[in-house]
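Before anything else, here is the set of structures, which you'll find just below.
Next come two complexes, and both contain subunit A; in the first it sits with subunit B, in the second with subunit C.
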Partner chain A sequence: MSILKITPERCTGCLRCELACSYMQTGEYQPAKSVIRVSPFEGHTSYAPYTCVQCAEGWCMTACPVGAITINAAGAKDVVDDRCVGCKLCTIACPYGTMFYDPDTRKAFKCNLCGGDPACAHACPTAAITYEDVATSDWLADFAAERTQRLLVGV
Partner chain B sequence: MLTKRAMTTATPPLPGAYAGKLLRVDLSKKKCWAEPWSPADMRDYLGGAGLGAIILYRETATRGGKGNVAWDHPDNRLVLATGPLAGLPVWGTGALTVVTIGAMTNGPTSTQANGFFGTNLKYCGYDAIVIQGQSKDWVYLYINDDVLELRDAKSLIGLDTWEMQDALNRETGLSGHQLSVYGIGPAGENLVRFAAIHGDYGHVASKNGVGAVMGKKKLKAVAIVKGTRALKAADYRGTVQAADDIAHDLRTDPSAKSLYEYGTLPGVVNLGKLGALPIKNYTTNVPYDDLTNWEAPKLREGFDHRGHQCNACGMHHCHMQVIRGGDFKGSIVDEPEYEGWSGAGWAIGARDKEGVSWLNTQLDRACVDVNEWGWLCGWVMECQERGLITEKQLGFRLQWGDIKGSDRLLQMVNRRQGFGDVLAEGVKRAAEKLGGAAKDAAIYTMQGCSPRGHDHRARWEEMLDTCTSSTGTLESGVPVHVTELGLPARINPFAGEEVAMMVAGIRGRRHFEDSIGICIFTGRTRLENLCRALNAATGWNYTVDESMRFGRRVAAIFRATRLRCGIGPDLEKPSVRYGSTPHDGPAKGQAIGAQWAKMIDLWYEKVGYDRKTGKPSPKTLKDLGLDWLAKDLWGRKA
Partner chain C sequence: MARRHLIIGGGTAGMNAIRTIREEEAERSEIMLVSAEKPYSRMVLPYYLDRSISESHVFTATAAVLAEWGAKTHLGRRATNLDTKASVCTLDDGTRLEYDDCLIATGSSAVKAPVPGAELPGVHSFWTLDQCRALIADVKPGGHVVMVGAGFISFTILNSILSLGAKLTIVEIAPRILPRMIDDTGASLVEDWLTRHGVTIRTDARLNKIEDAKGKKRLKFAKGGDLTCDAVIMATGIRTNLEWLKGSGIRVNQGVVVDDHLRSNVANVYAAGDVAEGPDRLSKSGVVHAIEPTAQEHGRVVGANMAGRGVGYAGSLVMNIVEVCHLDVASFGAWDDGKAEATVGVKRDRHAYRKLLWTDDRLSGAIILGPSSDIWTTNDVGMLKGLVQSQVPLARFKAYLKTNPFDIKPAFIAVKTAGRLLPETVLGRPAKAPGETPVAV
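After this line comes the complex of A and B, so read on.
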């Protein structure tokens, strides 16, 4: 299946992905409700987006006590709003921090790959986010380690 | 309400893309409150420069509209405004326009920066911040959705702008774009006349001493948390389509492609070839270093890089640099704009690129205008070389290209120490104080605004534009996609009449761009595209003609405020050195002074302003739909 591949070195921190995502997910521009988020490194000099890696383990699905997380046609784990009771167990179970809780709707929400045509990948001006048929990976691990180390030991 | 309008029973719907509220702050009373503004005012004034212009005009008058408050008066307004496109997916829409009565000219100002100011502010629910009054103690304004607080800023005093943002990040537990901070450094605290407002590590609203205004109000910073509110667009798909078309133009159009690839770096070589690179305080037009060493790819490859773009922007423009070697090895700095390579480089005779890059960020940290720095520091260097400023007077010897000496001078100016106190008034006032040959060597405009970082003796349109400006800096430039406005694609840059026609012909476009909330560089697309983006976002139907009429209305309002400040047509000329004739280089012998009177006369005729009083004529105002302003300016005669 195709997933969102993140190449953190290409990200410039413009946050266009958050705008596009929030529109697809909520019908409005509201980065606070985006399910892709850009994280700063080294304080402010490096940025990288992170979102659900669609991991094989599917910790969120395992944790959900009411079976509200299913797999959609694009192969993405997706929250079924009618079933979600807002217990937040999935947000605790997810090791990547990419399960979110909306206090307005009292439901969990996450990346569903926009049903197979992710808006963030279209929006990214530097191809830091691409939609490709590749094996899933922890895209930020090496980048984060390197940038954090640089901060700790100096340049 | 900004303007009085007839009451209607139905409330018109809020246009798309607006937050719908202005954030008012009275520092004297220590109060903050949200004030709705009307959809009709949004349509008429848009945001940014347009919104700021009408607020300044309405709220800073004295003596029944015959006079105006001075820059340091508590009733001066400091307007920090976004625009309708701010926070949307259109490239370069971080959108901060600062409008105030500035300290350099003591007249109106419109100066821009980007980063994430506009984005964070609008997602907190506000289109602009309007600040009045003066605080007794140092404060900073904290904005987090509905939480509006004037917080004690004692611990931030003396910190430079980068240190201040670090401190506020620590205090709030936020980092990156989660917190947008715009504020002043030591220069603004000490009322240095050319102090700037800086934010988000490398973005500066630098013109006309806006930092001194903020300092006078004892407001160290504005810190805006990335808000949680939503913005609607009238047509989401249309907004994205217009944004993508603008991006396509920027990537492929010859007038923007190099900006897309390298930001403003190519300016060094390109302007050098034209004789428009300012070299050693205009003492020569011949580069002292091989220009091929200063080509954009070489400037960029000389450093390690991190992209550091503004909201939703895909330009390869704003960067963070890591200095690889030399005295400043390991420093993280903001890649200088062309203006930095000129003001912290060529204007002061520097060759060391790593040093220039480091000094440029020192200027941002102290927070002064890099253009004025070039004219001031270059002037001191020349005056020392010629014995017009002695070593004893200055306290040390400052020679051409001395980066560390330049930083030493900056710290003196910054804190108004010794001769730095005289220099802190800017090069015009310092030169006028010294008088004689020193005065004739200084680069300034007679109304007081700093020229941008070029040798305008080879770029006449900018000299004419800066001298006649009502915004404390370049007002109408630069010409872009001029054929869309019915103007010729190319002119002879040394034919005064052609230059005047061009400067008058483009008048309005800049004001429109600065009102919708887009960067000067990503706005470098056809006006038609900008109108499409605005219309898709808001649901309006702006045309190219209407956008130009809008801009000219804003220009007329700024002009009316300027005249009220006592800045008349008699001050619309360059200083002796600024208006001199180059004696060498590509523009050798091109004498703007010989054509100046003719250029000014023609410019006045073409913009429809009265040559004698400087006022927009009654007919011009009527044509622009500004009957109310005609009455203010001309009384019953209108």
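After this line comes the complex of A and C, so read on.
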């Protein structure tokens, strides 16, 4: 299956992915409703987007007590709105911190790869986010390990 | 002859076991299900209570799904005896079921505090669908509801009571609320939040009796004034359903004692969910967690093992989350370990709280509170779970988190937590979607 490959070295922190994502997921241009989150590193000199890795276990999916999280045609774990009651069990089950909750709809939501045509990858002007048929990975680890050294000065 | 699996209990553990047997087995086996109730999810009853979902939404496996799974059902029946020598289970109507292997997943029941008046009509428990139905009939807009016990169960229905327009008072015998979910600091923040949202809380309140009072209920306490209300909810604890196993030879401690394959002392008898005393992920010792995620994982591991897989279980992680009036409250692992080194961050004005408990440079437990509208609360909830679950060494980030306990994400990413988590699956293979072998409709 294709997934979101993140090449953090290419990210400029422009936040277009967050706008595209929130519009696609909720119909609003509202970064707070994006399920891809850009984080700053090294005093805002580097940035990297972070989202669901579509893990094999699908901790969110197996935890859901009403079968409201399923696998969609694109192979992504996806919340079925009509089934979700908003109990938040998926938010404590997902060990990556990539489940979200919309206080307006009182339902969980997450990256569903936009059903196979991810808006964030389209919106990214530098190909930091690409939609590719590769194995999922911890895309940000080495980048972040290098670019968090300032945080550790003096601690 | 097809192998005969007997599943006793139609809750989360039992349903996950049946589904996983069908996913894993090489040859179609015979599955028998004994369940006192039609299978439904206890987790979603609060949403039925406030009518945000219909009753049909609570059922996890309808008759059609059970038929599709090919399960022979004995619904409305209880197991009363297990003859482990003959491998025969007897039901309350005398039916005898012979099995090749069996899963004990009989769960737990609500227990009322033993005070006079606890059995009066209008004094409710909230645990089963029937109890939920009874409560629905008694909670009216403008009415007054008193909840006895300020634990997790009470808090899961707190929003529902308020959204039905009732006035709510919570009374708790302990000096503070949520004694088994969060620490004193967290509890004081939640109590302050709830008071601001119009909930009356009375701690150190020992209930002496409940009386009928002209169509209402009057609660009398060891000290302090009486309370008069329209409905009482006793959320005063649960008890594992073990009594029926007396004389079966099954080894029982707090629950049915099981090994890391969730097998009891009798080789062809497994236990799962609230009734099982299975391995804790961190301590590896046997514990009864009585939480939904443990029941789900137990059920799947047993299902795979009944299908012949031989899956070892890494153990369950204690975790709880509840949202009250748009404040998220969650805890993980050994959050109450008084001996552990702890890091605390409090933003009292925002009702935000983080507590990190350390074993060397790894997180062994965590507590988190924050407004639901704060996206970082939700993200941090998951990442704290990941740090505890993965047991990733935080190395130099330990010192960073000790001074910046609200800045979890850079640490989570930089110590390569995701890379540690990615290879892990409960069954040693990617999980299947519920729809692939339908568990819900």
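Convention: the second predicted complex is superposed on the first by the 150 of 155 C-alpha atoms of A that agree within 3 Å, B and C clash if a C-alpha of one lies under 4 Å from a C-alpha of the other, contacts with A are read in each partner's own complex, and residues count from 1 in each chain.
Convention: a residue touches a chain if its C-beta (ideal position, glycine included) is under 8 Å from a C-beta of that chain, and two chains touch if they have at least 3 such contacts.
A quick note: this is a predicted structure, and the numbers were derived from the prediction, not measured.
Undergrad: For A:Phe100, is the partner it touches subunit B (first), subunit C (second), both, or none of the two (neither)?
TA: second
Undergrad: Subunit A residues in contact: does subunit B have more, or subunit C?
TA: Looking at subunit B versus subunit C, the one contacting more residues of subunit A is C.
Undergrad: In the superposed arrangement, which partner chain does A:Gly115 touch: subunit B (first), subunit C (second), both, or neither?
TA: Touch partners of A:Gly115: none, neither subunit B nor subunit C.
Undergrad: For A:Ala32 in the superposed arrangement: first (subunit B), second (subunit C), both or neither?
TA: both
Undergrad: Once the shared chain is lined up, is A:Tyr47 touching subunit B (first), subunit C (second), both, or neither of them?
TA: A:Tyr47 contacts subunit B only, not subunit C.
Undergrad: Between subunit B (first) and subunit C (second), which, if any, makes contact with A:Gly13: first, second, both or neither?
TA: After superposing on A, A:Gly13 lies in contact with subunit B but is clear of subunit C.
Undergrad: After overlaying the two complexes on chain A, where does the subunit B footprint on subunit A coincide with the subunit C footprint?
TA: 32, 39, 155
Undergrad: Please output the residues of subunit A touching subunit B within their complex, sorted ascending.
TA: 10-16, 19-20, 22-23, 26, 28-33, 38-40, 42-47, 123, 125-126, 154-155
Undergrad: For the complex, give me every residue of subunit B touching subunit A.
TA: Checking each residue of subunit B against subunit A gives 87-89, 91, 116, 119, 123, 165-166, 169, 175-178, 201, 226-233, 236, 240, 247, 304, 306-314, 320, 322, 330, 332.
Undergrad: Which of the residues in subunit A come into contact with subunit C in the complex?
TA: Touch residues, subunit A against subunit C: 32, 37, 39, 41, 48, 50, 53, 55-58, 61-71, 83, 85-89, 91-101, 103, 106, 136-138, 140-141, 144-145, 148, 151-152, 155.
Undergrad: Can you check the complex and tell me which residues of subunit C touch subunit A?
TA: Within the complex, subunit C contacts subunit A at residues 12, 41-44, 46-47, 52-53, 57-58, 60, 292-293, 296-297, 300, 319-321, 323, 326, 328, 330, 332, 372-373, 375, 378-383, 385-386, 389-390, 396-397, 399-400, 402-404, 408-419, 421-422, 424-426, 429-436, 438-440.
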